[in-house]
Each structure stands twice: as C-alpha cells, then as structure tokens.
Amino acid sequence: MRIGVLTSGGDCPGLNAVIRSVVHRAVVDHGDEVIGFRDGWKGLLECDYLKLDLDAVGGILARGGTILGSSRVQPSHLRDGVERAKGHLQELGLDAIIPIGGEGTLKAARLMSDSGLPVVGVPKTIDNDIAVTDVTFGFDTAVGGATDALDRLKTTAESHQRVLVVEVMGRHTGWIALHSGMAAGAHAIVVPERPFDIEELTRRGGERVEAGKRVALVGAAEGAKPAPGSMDFDEGGKDIYGHERFAGIARQLSLELEQRLGKEARPVILGHVQRGGTPTAYDRVLATRFGWHAVEAVHRGDFGMMTALRGTDIVMVSLAEAVETLKTVPAERYAEAECVL
Amino acid sequence: MRIGVLTSGGDCPGLNAVIRSVVHRAVVDHGDEVIGFRDGWKGLLECDYLKLDLDAVGGILARGGTILGSSRVQPSHLRDGVERAKGHLQELGLDAIIPIGGEGTLKAARLMSDSGLPVVGVPKTIDNDIAVTDVTFGFDTAVGGATDALDRLKTTAESHQRVLVVEVMGRHTGWIALHSGMAAGAHAIVVPERPFDIEELTRRGGERVEAGKRVALVGAAEGAKPAPGSMDFDEGGKDIYGHERFAGIARQLSLELEQRLGKEARPVILGHVQRGGTPTAYDRVLATRFGWHAVEAVHRGDFGMMTALRGTDIVMVSLAEAVETLKTVPAERYAEAECVL
Amino acid sequence: MRIGVLTSGGDCPGLNAVIRSVVHRAVVDHGDEVIGFRDGWKGLLECDYLKLDLDAVGGILARGGTILGSSRVQPSHLRDGVERAKGHLQELGLDAIIPIGGEGTLKAARLMSDSGLPVVGVPKTIDNDIAVTDVTFGFDTAVGGATDALDRLKTTAESHQRVLVVEVMGRHTGWIALHSGMAAGAHAIVVPERPFDIEELTRRGGERVEAGKRVALVGAAEGAKPAPGSMDFDEGGKDIYGHERFAGIARQLSLELEQRLGKEARPVILGHVQRGGTPTAYDRVLATRFGWHAVEAVHRGDFGMMTALRGTDIVMVSLAEAVETLKTVPAERYAEAECVL
Amino acid sequence: MRIGVLTSGGDCPGLNAVIRSVVHRAVVDHGDEVIGFRDGWKGLLECDYLKLDLDAVGGILARGGTILGSSRVQPSHLRDGVERAKGHLQELGLDAIIPIGGEGTLKAARLMSDSGLPVVGVPKTIDNDIAVTDVTFGFDTAVGGATDALDRLKTTAESHQRVLVVEVMGRHTGWIALHSGMAAGAHAIVVPERPFDIEELTRRGGERVEAGKRVALVGAAEGAKPAPGSMDFDEGGKDIYGHERFAGIARQLSLELEQRLGKEARPVILGHVQRGGTPTAYDRVLATRFGWHAVEAVHRGDFGMMTALRGTDIVMVSLAEAVETLKTVPAERYAEAECVL
C-alpha cells in the first residue's frame, strides 16, 4: 500500500511520534510505502512531499514540532481544493491519507472523506476539546509546562505578597487552566465555560489577604470572561496587521484585582512556550498508539474514521461524530477543582 | 463527621495530593474533622495520629513522599490487629477510615471492611497493576522519570557504540518498562508477562549492529525473565540480611548480550529514583480527584469501596473486586510497542 | 554572637539556601543565635523578626523564594531610617546584620555600614550585573529557565516558519539574554549595552528566509533598544497605576520584523517565571558558600564587606567598591555569541 | 585553513556544543574548512572522517553525546601511532587539530604536540578534576542530574525512615559528590580525597535517628574509601570479562550502616545517567566559548595549548601544565560542605 501523511494546524507536542509510528507500523510490519506532505494540506494541494522511511523518522520521537511542517491552509480555501487533492492522490497512487490535526483539519478530513477519498484521521489539539476521545496528545505536555510555570510563580509571588494572574491556552475551553490550576494549587481558576463573577473572585482574594496568606494565584484560560455586566472588559481582537491586540484576560483581570484588593497584581502570559518542547512520556505513548492504529484502520479499510482513546483502548470513531461538538469542562469537574483551590 | 486517613506500603508520588484533597473536601466543604495516622496501619494499631487541618496540608501538593509516613505493617500481622483497629476507631469516634495503598493495603482494607469497619480505599501503586482502574497515580511520574533516564542514556550509548540494559520497576508486571520503553524508543523491552527469548534478542541486536546503528537500548522490568532453558538465569532472592542479592535482570542480561554480540554492554538500575520527586501534573490531578471522591463516598456511606478511574470519570468499585486480579500487560499492548522499537 | 539576617529587593532563587547556610554555620559551628527580619529592611525598621534555628530552615534549601519575605523598602525611605535601624540592632543585642540583596540593598548596606553599623552583605541579583563578583546566585537558574523556554519555542517556531522575539529579564544589562541566547542557539540577541540596528537584524533574518530556514529566534533583553533613529520606538513607562505600559521590546520588534520580512512574527514575554522555582545545583552551592563565608566574615569582624566569587574562591570585597559600577556585557563576550548565532 | 576536530574518551554533555562552535567560528568567520574524525583518535589513525559544515552541526547544540562518536583508543596504543597521525594530517592538508577530551586525551595531545604536530586542546571531563581550569563543561550537567536524583530520593527516604547511600561518579576526585551533596542537602558526603571514618558516620547517623529525623542521605563518590582498618572493604576490580565487579562503595557502606544503625539502608547507583542528556545552559555556554577560543588559538598559532576558564575569562594554558596534577577537593571546600550537611 501507499499511504500519505500530513500534519496541519497549530503545533502540538507528539506530532513527530505519530509520524514515526505510522512509518514503523506501515513500512516494517506491512511493507507499505509512506510519503509525507509538507506543511499540511498545502503539501497535498501543491503535491509537495518527501518519502518517509525508517531513516527519515530516526531520532524524532522525543522532538517537539513536526518534521513535515504545518500550516493553516485547508482544501476548502481553494475553489477546487478537494478536486485537486483527489487528483494528486491518484497521481501519486496513494491508497490512503492520514491527516493529523485539530478541529479544522478533521472537518476538512470529513469533507474529503465524504467526497470519496480514503481518509483516516488522527486528532491533535493541546486544548483537549475533542469530545469523542478521552484525551488528545499534546494536552499532557501543555498542562505539564503550565503547571511547572505556576509552581515557579507561586514561590516568587509568596516572597512578595502578590496576586498573579497567569494566562494559559484555551480560547474556547478551559481544560489546560483546569488541570494546571488543580495540579499547581492555584487559588482561583477562570474558564470560558463559566463566566466569572469579579465580586466573588475579589471576596476570595480578600479572604486570603485577611488570613495573612502572602500569595493569590489565578489560573486563567485565554478565553475566560467576566459574567456580563460584572466588570468592564475589552474582548480584544485583531489589529490591522492581524495581530491580537494587547489586552487579554490576564492583563485586565490583574488590573481589576489590584484596584479592588489594594494589593500588587501582575499578569503573566505563558504563550507559545506551552506548545513547544519535548512531549511528555504520556503524550509520546498516546501519539505512538494513535499512529499504529491509524495504519491498522487503513489496512482494514476503515475510512472516514479517526483514532480515539476510550479508557485504555484505542478505538475508531467516525469523523462525522468527531467534529460535532466541542468537549467543554463540565460543572462537576469544575466543582472538584474549586474545592481544593 | 470524623475521618481518619493513612498511607501504607511503598512510596508513591501523589500521596500528599490525596491527603490534601481529602482534607480540603472534608474540612472546608463538609465541615468534617480529619486525622492522619502515622506510618500506615501502624499508626492505627498504635493510635498514633495527628490532626489534619488546612494548615497541616499547606504546600504539600507538589511534594513527593507522604507527610504521614508509611510502613509495611498490616493489621493481619497482629493476632488481634483488626480488633485493635476497631477499638481505636471507636475510641477516636471515627466515622470512616480512608487507607491509601497498594495491593496489600487494599486487601487489608477489604478484611477490615468485611469485619464491619467503614472503609473507603484509595488505590496507589507506581506499578499500575490494579485491574479495576484504568491507571493509578504515581505511575505517570515513574514512567516520566524512567523515560527521562532512558532519553539520557540513549545519547551517551550512541557516542560509545554500546548496548545498555536498563532495569526499571515492575516485579510482576511490565507497565513501566512498556510505557517508558515506548516513550523513549527503546530497541527491545522485556517484561515479566512474556519470558524473553535470548536468541531473538540477540538476533535483533545483531541486526542493529549490522545496520551500523551505534546503540541498542533494552528496557527491562525487574521481574522479566528468560524463557525457560534459553539462558542461565539466577532468580536472585534475599541474602541473610534481607537485602536483595546483587544479580538482577539488567546485570545478567547485559553480560549475556555482551558475550553473544561481542559488543560492550552495560547494566543500569534506576531503583528508588523512580519513586521519588515531584509528581507530574497528571498524577497530581488524578490523586486530587481520588481524594475528593473518597470523601464523597464516605458521606454517601459507600463503604467497602475504592476509587477508580474509568475513562475520564472517577467511579467506585468494590474492594473485593479490586484485589481479585493483577492487571498485566496484554499481548496487544506488547505488540504495539514491539513494532516501534 | 547574635546575628540578624534579611532578604530585600526582587525575588531570586537561592535566597533560602543563603539563609539556611547562615543558620547552619552560625548556630551549629559557632553557637550563635540568628534572627531573621521579615520583608527585608522593613522588618528591621519595624522590629518584626523571627528566631531562626535549624528547624526553621529545614527543607528550604531547594525552595524558591525566601522564607523571610522581601520588600523594596529601604532605610533611606524614612527620614530616621538609619537611626531607627541602629536602635533596633542595639535593642535586640545584635552583633552583626547580614542583608542579602541587589544593588539597592547593597547601597543601603553601605550607608548603614558608613554610619557605624556592623554589616556584612551578600549580593543577590538574577541579572548578574554586580561588577565585583564573577557571578551572583539566581543568575544560573534564570538563564536555565530562559534557555528551556527558548528550546521549546524553537521547535514550535520551526513547524510554523515563524519569527519569534523572546523577551527575557535585563533592564540595564544583557547577561540573561546573552547566556540563554548562546545556550539555545538564538539567531540574534539584542542587549541594552549595544543598541541594535534594525536594518542589520532584518538583513540577517532575510538571509535565513532565503536559505530556506524555517525559524528565526531573537533573544531580547527587556532593556534592549534600537540605535537612535533606526526605527520608531516607544520606550514605555508606567501608566497611572504604576503598571508598566504594554509596549516593550518584544512586541515592538516582532511587529517591525514582521513588516520588514513579510513573515509572521510573534512576541513572547517570559516574565516572572524566570525568578521563581527551584534553584539549580549551581545556585544552591554558590548561595550556600556565600552564607557560610558571610558568617565567617562576621566572626572575623570584616564589616563593611560583601561576599564575592572570584574564580573558584569566595572572597570579601568592600561594599563601597561593590556598588560603584554595573557589570555590563563587554564587546568580546558579545562577539563570541554573535558568531554562533 | 583546514582544521580537524575529534572527541575522545568518556561521554560528556557539551561535546556537540564545542564541535558546533568550532565549525561556526572557523567556517563562517575565518573561511576555514573543518573535518571531524570519527570515534576519537581512532578516526585520525584510520583516516576516518567527515566534512563538518554548518548543516552538519545544525540542531546539535542541545544534544548530549557527540556526533563524531568517541572511543578510548590513544595514539600510543599503536607502536607507530604518532607517525601515522602525522602522516594523515599531512595527507589531509590539515593546519591544526583540536582534540576534545579528558586527562588521557590531553596527555596524548601533549605527546603529539611535543612531536611537532599543531595541536590545540579542549579539556573535557564531567569529573572536574583538571587543575588548570576553574571548571570543565559537563560537570554542571552531571551535578545537576545527581542533585535532581538526590532531591527525589530524599522525599522517598523520608516516607520510609531509611538510610540511602547514593553513589555518584568520581573515581579519583569527589567534586560531583561534593557539589550535588551540598546542593541537595545530603547528610554526609564521602569522597576519595578523605577516607571516611565509619565510626563518625555511624555517630552522625545515630544522632539523626535520635533526633527523630526520618532520613539520612549519604552522597558517595565512586572512589570513596574507609580509613584503613575502620571497616572491611572490598576495593572491587574487574571480573574476567573486564566488567566492574558488583561490590562498590554504595552497597558496602549501606550494608555496614544498616547493621550499625539497626535502620534499613539501601544503595542507589546513579551510573551512566549522569553522563547523558541535554547539557545545562551553563555547560552549553562554556563549551561554546571553549570551541570559539580554540579556533582563535589555531589562527594565532598558539599550539601545544589548551583552553581554560579562569574567573569569567577563557585563557590558554600549556598542555604540559594541564596534565601535571589532578584537581582534588581541598579541605576548605569539604569543611564548607560538612557544616551544612
């Protein structure tokens, strides 16, 4: 068989582990040929690819990023995107394509599959917001990095009697904030799923001050917002160059808390650091298993499907189901976290 | 309510996170009192305990070890152990006891429960060998530490054209070897569940040598053994002081491979390092959730039960069921790993 | 003897190691009594202190922050600050005081010493800008953290063909940028000591783009500035609440490079993360040695002096000399770095 | 100019950083050609080499090991070794050779230099035992790894009331034991420079037990030995396969302490893990500077010399001087450490 692989969308630790695993399983065990398209769908649309053999994937298991490169290009960006992709698949004699990517990529994968292409998806998002899988690789690494940063900030805040508001990734869901906040013992966590009440945050912070505690650490998902009307809030947006404007939740919330509590408060924005670096062992194992099972699905002809983790098993779920809903933080999980803050 | 907590058996990263979580949930949310017995069942048997309030658990979330201490004492070690424990529970006016421990502790917990004591267990083992839960806290930290060591050893072995056999924990099951070996890209993994064929290992190593590869890294669970008759093997045992004798799988296997391959081979034994240190974010979150749900079970009167992870949910399973079988590495999981070695 | 200790100014990994070492050397070896003032000079001015014995410093060696707390209060902030400090020293029967702090603290220490107080200083700054010592503790930890972040960012930038401008600490000197940039293989480093030429940076970035390189990583000290006239630059400053306004070097430089290169460029600001966390082994050893030698200086009556590292030796230098000049990055060191970028 | 580089002897984090720096400085700034010999002197003796350009050293800065490979072969192992090396240098038109290695390598370098070859050495040893330089790269990484292991072991020992004897590298000098022991707060440190008194160690341990301390952590250099006559001691040695026999300081000392103290004691041998892995930022900077200055020395014709760190400067010292004495732990340094144990 001939199989094509591509990585699309935002960077995510574990991508290389999937690529390596696909190549090992397909080439060594099945005698397949594998090629990798450069820079995501762009490579497929422009027929830009390289051969992937064992040597090509040597030493990449623990490396962050993706040796294939990535971009945010989608087939639907071109009027004839799907047709073009089809043409190239045929031209290259590919029996299947394995796109590794997040929500946008999986939607594109579904589109391609619906139009008859042999597609097996592998979900990827550090945000952990894909509903049909217990977890996606990259999430554990991102949470680990954010927790490490929160651990460090806690000690420095303690020495200075400070409020710190730390912004972690999560535009639409608060999973990274929830897990890193629980893991590091943040004193408050704000997530997009649950607009926060600034009065309550202030009260909680005030109690810490009164109790003589020297630090208050707030973990804030990028997309967290105040309950409507509870405080002035600039939702931000892009400037004329397409850059995010500089407001953001951490800056606005720290300013507000400083004024309300009369305590020095500082914002910290972790940013891209969360996406990079060596994947954790957890993510490397999960990514490796996803790659392995994607190849198996190809050989079984399980197209239009995607790998997913359920408990300790890797299962296949339909791409259609996969992109239906976003997995948000449920009330129970938030309650668990809130208690130990 | 009054609740007693204890930690028993081998050390495991995340114990403090469970203790802290039990105290937060019980004291803050339910207005309970919590006491901690010192050094496991020993503290219960000798009525040696301390009060656990929020201050007592301040700053322990990310700390390895257990602030309560641990020991390998079990109630069954005393003829009147269970009676004595009962007496102390009554004396102290305890409504429930939460033992946190591994197989031995959970068996003791079941025994106590069967004799009428209000027990809710929390499973703990870095070996990940408890069948009724997807995973136990401590395992992720142990795998992370072992993977980090394997990563380091790989680079040094590469510079020197060497075979390294690295012994990781796992007397009865090979989970740590399997996951760390997959994560670090070991070239062979040997586990207790599947006696290895020394001829096959030699052949595999020989292929690497012929292919000009500079390193062969073998991940070996402590309890791994050769297939009967395939090579001389000293199963070890205790010397007269109760110490393990010095043989062990890594030393014997590296010696054997050195002679068979004619390449320098070295053993590395990771040992206790795997049990210590700051728990990973994954383990802190899981441990925190276990503690939270154990308190809920106490308040619901769900005795004779134990917390467990199933998918993303914390559920309660009966202690009787919990200690029935050991969770061993199944053939499919080994096959996944073998392919990408 | 009775000795007082205090930590003043910005947080710095290793402060606790100094405190612990002072207590061990003074209490155990010399039979001294040691007290610690809370929150820096503030504690001395307000006579707010605690007794420091071996138990008080148990387990703090590897902990970031300072158990004594810190503040930016200086004796000179009060009209009668020095007199008040003198009074409290006498009242408490102190034979010496050991202030641990940065430039401001050392200047205050000198002032106190000049007015007759028995002072032995310990220099502290993550910026490494004190001229009379080869290095100060905290710097190695800060560089390590910044390097780790740069390592991570490099992989993620590579996947996306991006320019990243990473802002590290260093308002007046570029030591952290220089060392972390060299260690991580940044492609350009900008420091306050050497206003950068935006044309040259652009040319250098353009060469990478043309050579098909996927990433350009710029390490920028907070205080780095363009050569006058070479580009528009907002020097920032405080807003009406005393907060830094949001401009900063990373944001402005990334915007400028994006426009000039026609490549996506992003700013990352590492911020307080660099100050926190467990000190590196290097910093713990240096801090421990500083504490030990400060006590020896007290016992020798070497007042008005400060500990310093010269080669592998700890020596004493006069506080007067210590605060004379800032240690800036010399041209040779910058040249070394530039070559390997 | 044409320059040859080689790495010889035991593995050491930072070797790749030196190689990369030599190539950058020589190729980019001086327009030189650089070749690398494979597996140390072996490559020179067998004329086995590869061309080193910027691409060849891309991405290696943070990687452990050496891309050139290493071996323990020395020119003096062959009767005509030096002549052969000379011949190959001439054949290849090399103007200089830069051997990077430890004591043995530097002695060989001196021999070659004395016989007229243009040699500039770069010292390398994780043991830090070369007298003419303040420190060598690799040492900081080894100390960091050992400290991290000691930190982890401390928490697990605390939970179990145990004595742990941790064996770190250092056959002839105790630098790694000294620094990691100080950094981690070991309770005793034994080094080759100062035969230990088992009675004193027992007394010190006994005091901890009496004081109710739960853990005693001993940092032991491989080469540490008891004072003659103070306890039975097997100095070990090689078995018939050239392997170290299994005794060692950690096993013997833990057994002895267990019997004398009546407390469980366990040995941990860190082994090769200390040599591998990503070099610390400190080591990357030092290694990079060494490489840079070695190229400068070549261009100045400073042959028979070696790079060294003195304070914050890189200086050149003669190879003759470099190999004269071993840098051992002086009494003052041991005294500093002893106090804070």
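For reference, chains read A, B, C and D in written order, and residue numbers begin at 1 within each chain.
The criterion applied here is as follows: contacts are C-beta pairs under 8 Å (C-beta built on N, C-alpha and C of every residue); 3 or more make two chains touch, one makes a residue touch a chain.
Molecules present, by chain and UniProt name: A, B, C, D = ATP-dependent 6-phosphofructokinase.
Please read these numbers as outputs of a predicted model, since none were measured by experiment.
The chains touching chain A as well as chain D are B, C. For C-D, the equivalent interface within B-D, A-C or A-B is the one where over half of the contact pairs agree by residue number, namely A-B.
Set against the Cα centre of chain C, the chain with the most distant centre is B. A separation of 41 Å divides the Cα centre of chain B from that of chain C. Inter-chain spacing, taken between the CA centroids of chain A and chain C, is 34 Å.
Centre to centre, using the average C-alpha position, chain A and chain B are separated by 29 Å. Among the residues of chain B, those touching two or more other chains are numbered 151. In terms of inter-chain touching, the protein chains here make up one closed cycle, each touching precisely two others.
Inter-chain contacts, as defined above, occur between A-B, A-C, B-D, C-D.
Those residues of chain A that touch chain B in the shared complex are 20-21, 24-25, 28-29, 61-62, 134-135, 140, 143-144, 146-147, 151, 179-180, 182-185, 278, 280-282, 284-285, 288-289, 292, 310-312, 336, 339-340. Remark: chain D residues 7, 11, 15, 39, 63-66, 69-71, 145, 148-149, 151-161, 164, 214, 241, 243, 246, 251, 255, 258-259, 266, 268-273, 275-277 touch chain B in the complex.
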